[in-house]
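The following blocks contain the structures, represented as structure tokens.
Two complexes come next, and they have one chain in common, subunit A, joined by subunit B in the first and subunit C in the second.
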Partner chain A sequence: MSVASAIKTRDAAELPGKRDEDWRWTDLRGLIRQVPAPSAALDVASLPAGPFDALADELLVVANGQGAAHIGVEPGETKVVALRIVSRGDGSHAARVSVDVEVAGNLTILESYEGEGAYLGQTGLILSLAKDAVVERIILAADDAEGVTVSQAQVDLAPGASFAQTVLTGGARRQRLETIVRHPGGHADLRLDGVYLLADKRHADLTTSVTHAAVDGTTQQLTKGVVRDQARAVFQGKIIVAEGADRTDARMGHHALILSDRAEVDAKPELEIYADDVSCAHGNTVGALDEDALFYARQRGMPEAVARALLTEAFIGEVIDRIDHEGARDVVRAWAAERLGA
Partner chain B sequence: MLSVSNLHATVDDKEILKGLSLDVPAGEVHAIMGPNGAGKSTLSYVLTGRQGYEVTQGGATLDGEDLLALEANERAAKGVFLSFQYPLEIPGVPALTFIRTALNAQKKARGEPEVTAPEFLKLARAKAAELKIDFDMLKRALNVGFSGGEKKRMEIFQMAMLSPRFLILDETDSGLDVDALRIVADGVNALRSPERAMLVITHYQRLLDYIKPDRVHVLAGGKIVASGGPELALELEREGYEKYARAA
Partner chain C sequence: MAAVKQTVEHVASLEKYKHGFVSDIEQDFAPKGLNADIVRFISAKKNEPEWMLAWRLDAFERWLAMDEPDWAKVNFPRIDYQDSYYYAAPKEKVGPKSLDEVDPDLLEVYKKLGIPLREQEVLAGVEGAPRYAVDAVFDSVSVVTTFKKELAQVGVIFCSMSEAIREHPELVKQYLGSVVPVSDNYFACLNAAVFSDGSFVYVPPGVRCPMELSTYFRINAENSGQFERTLIIADKGSYVSYLEGCTAPMRDENQLHAAVVELVTMDDAEIKYSTVQNWYPGDPETGKGGIYNFVTKRADCRGDRSKVSWTQVETGSSITWKYPSCILRGNESSGEFYSIAITNGRQQADTGTKMIHLGANTRSRIISKGISAGRSSNTYRGLVSAHPKAKGARNFTQCDSLLIGKHCAAHTVPYIEARNGQSKFEHEATTTRLSEDQLFYAMQRGLSQEEAVQLLVNGFVKDVLQELPMEFAVEAQKLVAISLEGSVG
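And now, the complex of A and B:
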């Protein structure tokens, strides 16, 4: 049972829903009574430019589930690839993308979800990093307010590999961006960050699961978000440290600002530790903007809206600053500033 | 300049200011001294428009304009500046960004052209040098990880950059060693001018050795119970607040 097979068979009963523990806050089954007909093929040439096109060596477009879907990086090769997942119309579609980075390859994936319409789209990604490979994945999810998107990535790391990810989303009618990582230890490094900026009735679900299977692995995770109006954010972060995975160092932080009484944040940080000698911590806060800081800024002359925008931008800026790719950092910073009305 | 008359204010329905009257003419520096709990910080927050401080009676004007009718940021744009007793840490916002945003917001409110980035940086470098502030510190998030003394110095730097007309210093000497106190006082004294006025709120007389007041007022029980020249501060230092606290 999965979103991909529900789309393939057009059987809504296969969609996950609130009775599934991992999906209880992102109920697709209750939302979608009937899986829409398959989406029509798109003329890729007629699409406007994507947000990262200018930064990439290579451009891949998956439009309504169709298109080239493999990224390969040779041993020692370095490249920047823009991966555009485009949805148009009211149909349903699913796509698979595989990414293979060979020994000591270096890849930056600039992934964008660009939607218009009341579509149901699913993308399954399999990322495989060989020894000493370095990957930074930046995901900018700009879905339609009527769209439903599910992105499910599975990441396999080899020892010595480094995978850093930052998801940024404005949500959708319902949206789930999921990352599952098999962490082999062995001095592999993982960073899994996220930013959600949700307004109106939008929904976003950032779900991650990391399994540390052996000794000497690190995971750094920082997710921050802002919800207003009647928006709803879901953060589910799970880190499992298996028996024997000693000297694992894992840190998870999730911090949200709720800017209206009717907005909602559901957070479930989980650390499951079966090893003895580990350093793990998690922190989770949900609150409003600091009134004292707000008054301080206003006393210095900033109108309330300016002060709020400055402080909110700074709040999520901590996550954006962790992005290595400078050009992408600028793109997403501008995206965030626009959404926050600064 | 500032005129406060019969000001009553409550916090959480508790009356803290109980008929405070005060006049600070342009060009003068007035000190407000008083025991803990007298309402010193409440006065500074009421004058600057902090939420939660409700004026129930009386008023305050700046050059004849009703201060209490304005939003906190509008008062700032009119030139009211409060140096906080406990300056806030603003994670993620470099000090320079914060101050430039504030300065340009004030200029916009006053209908003046905004400062350009090069103009702003030139001014910031000059003022930082005067206050012996390492310029690199201004690129860091405002007040985050700064010592108490550094935070106070950063308040004076902001004051110098924003060039306010009416300055309120709330316990500016707390947390400062003698060297830092001298630098801060020099920065404040540099702003003394016939067009400006200052209200220096302090528990101890020490600060007034460096920032010499024209008048000293004793605040106790929510109102001014005594006023005099600089000698009043010395008397308070010798004899304490007890007789005023009782009188209130």
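And now, the complex of A and C:
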């Protein structure tokens, strides 16, 4: 019962729907009556450049599910890889990508989802980080308003490893970007951030699940988003601290702005704690722009539209500033500014 | 410090579960099992009119078609609904005219319960005794209802549900099942079919109920499920405060308790509903024998500017599964939920609230304090939602969990659904253990470890305790200490 197997068997009944607790706000079964026919193969050479091409040492393209990709990093090696997940047309496709980073390897993954058409695409990623490996994953999801995308990443950390992720999305007809992390503790470090900027009737679902299995692990999560028109954002964050995983320090924040009367934000920040010597917290706010700040800016002579854009950009900026890779940070900042109309 | 000292003495004197006794009063049982005939039997026993029986039978039909839910974070052996009694009433005690006529055994039970009703005082004519109206549900039938006269003077109706069905059928017909529909959920549906008794309150327009109303529930008959049904209606501009306190005797077999509480507030009305629940939590090592507490509590703030406040202290039951909720339908209506849930031993609690904002400028506030100790599990599960029309809705939620010990669990599962751009929702949750520094500080000042824990825990839950009516707050503070007995060290 998964999206990947539904695409493989073309059985729509296998798609998760709102009766499945984890998919209650991202109903695929109710949306897709029939799984589309497999997508045609794409000529990779004919594609335009991806958003991160110029920043990468290595380029990997997965087009309409073709080209099973593997990224390997040798012990102590440092590299930047651009991973492009391209969807074209109205078919369905699934792909798998595996990433192995060996001891003390350092990898930056610049992942982009580039879609055009009414496709159904699924990508399964398996990332495994050895001791002291450092990985930063930046995901820019630019799907089509008619497309349906599901990206499911599973991250395995070894003690001492460090994994930082920032997801940025503009949504799709339905879009789910899921990250599941097995956190071994042992001073491994995890950061899971997200930004969504949704307009029209777009939907985006950022779902994370982190399991702290042993002592001395830290997790930091910050997700912020803006929805307008009739868009709908979903945030589901789960932190599990297993019995004995003492001295875990986990913090989760989700903050959303709703800029229209018909947009919707659904959030479920969840803590599941089985150990007592832990420090876990989550905060969640949903609301409109601060009227006082807006008033202040307008009083200084700023037109209302500019003031709104400025405040919204500052709101989102806090997450973007946490990105380590400078070039990628600039790319996504420009992407956000364009969407916010600043 | 006096309260702490008192608590410590109390704990010291406590060798076993305080309310763990079984009183032998003759019982009038319906045969074991559940079928349409049992439903008819209950209805006939209570001399109910035809429409009520039809309502029950309809509910029973629907219940048969439903599946038992399993989404809560609680584990328990499947309940055999055919292996339970659905009706038990004390014999020979139909309609006593005063407390003097009541079986002395029954009064003895109240005494053992330590019901702080000061009922006896009041009945003995003691000057200046505080005014409470008590509708004691002794197992299933309301045995004693006092103060009726004084309440009647201001027009407040406070009686047992069976009496209300007979005396005020028009009100019951209008409101029963209007907040919690018959087939709302599995347990509410079961309740609708077999509910035995409960309390009924109607406060007429503009009346501020002159006293706190209170019901003491007590599960007494071995192996008998208790299915109360409570309905409180606060008409325009009225106010009522209702206390519900619960204790149960010790026994070996699990007991199912599936109550339904419905509150309705009209324009400018307010209901304050406070609960202290201290049912038998089961054996601390095995969890055997405790009460299953599956309750549906819901308030419908129908009128503009109406208000409902739920306060609960949940320390008992082996399994607690309840979500007192507010449907904020009226414009500018508000809902509050203050909760302390304490689990120890093998207890499991999955509790929280739902705040459903439908009207404009509605407000809600949720303060939840969960404490887990021993091998227990404590879950906060809550929903805050705003409808597109709920412009200007405001919610503030704070859920704090305290863990005491290595083997307990605390979970927080909030759901937030915001559907308009003019509402503001804030939620924060923390999970921590008892601070070693604070413990050390308190012990350094000469407190024993047990005293220090009690002091810190009482501080942790203070935000909620102070929402309780005075008499309940004192009792609740003691309960908090007793519940955590032996959890540290």
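Simple rule for what comes next: the second predicted complex is superposed on the first by the 341 of 342 C-alpha atoms of A that agree within 3 Å, B and C clash if a C-alpha of one lies under 4 Å from a C-alpha of the other, contacts with A are read in each partner's own complex, and residues count from 1 in each chain.
Quick note on the criterion: contacts are C-beta pairs under 8 Å (C-beta built on N, C-alpha and C of every residue); 3 or more make two chains touch, one makes a residue touch a chain.
Quick caveat, the model's predicted, so the values are computed rather than measured.
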Clash or fit: what happens to subunit B and subunit C when subunit A is overlaid? fit
Touch count on subunit A, higher of subunit B and subunit C: C
Using only C-alpha centres after the superposition, what angle do subunit B and subunit C make about subunit A, to the nearest 10 degrees? 80
Tell me which partner A:R300 touches in the superposition: subunit B (first), subunit C (second), both or neither. first
Taking the superposition on A as described, I'd like to know which of subunit B and subunit C A:G317 touches: first, second, both or neither. first
Thinking of the overlay built on chain A, is A:P75 touched by subunit B (first), by subunit C (second), by both, or by neither? neither
Determine, under the contact definition given at the top, whether A:I273 touches first (subunit B), second (subunit C), both, or neither. second
Considering only the touch criterion stated at the top, classify A:A263 as touching first (subunit B), second (subunit C), both, or neither. second
Just subunit B (first), just subunit C (second), both, or neither: which does A:G30 touch? neither
Give one of first, second, both or neither to describe whether A:G283 is in contact with subunit B, with subunit C, with both, or with none. second
Please work out how little space separates the C-alpha atoms of subunit B and subunit C at their nearest point after superposition, in whole Å. 15
Residues of subunit A at both interfaces, subunit B in one complex, subunit C in the other: none
In the complex of these two chains, what residues of subunit C are touching subunit A? 71, 388, 391, 401, 403-433
Which residues of subunit A touch subunit B once you look at their complex with the stated criterion? 290-293, 295-304, 306-307, 310-311, 313-315, 317-318
Under the touch definition given earlier, write down the residues of subunit B that touch subunit A in their complex. 48-51, 71-73, 75-77, 81-82, 84, 87-93, 97-99, 101-103, 105-106, 109, 141, 158, 162
Touching residues on subunit A, where the partner in the complex is subunit C: 21, 243-244, 256, 258-288
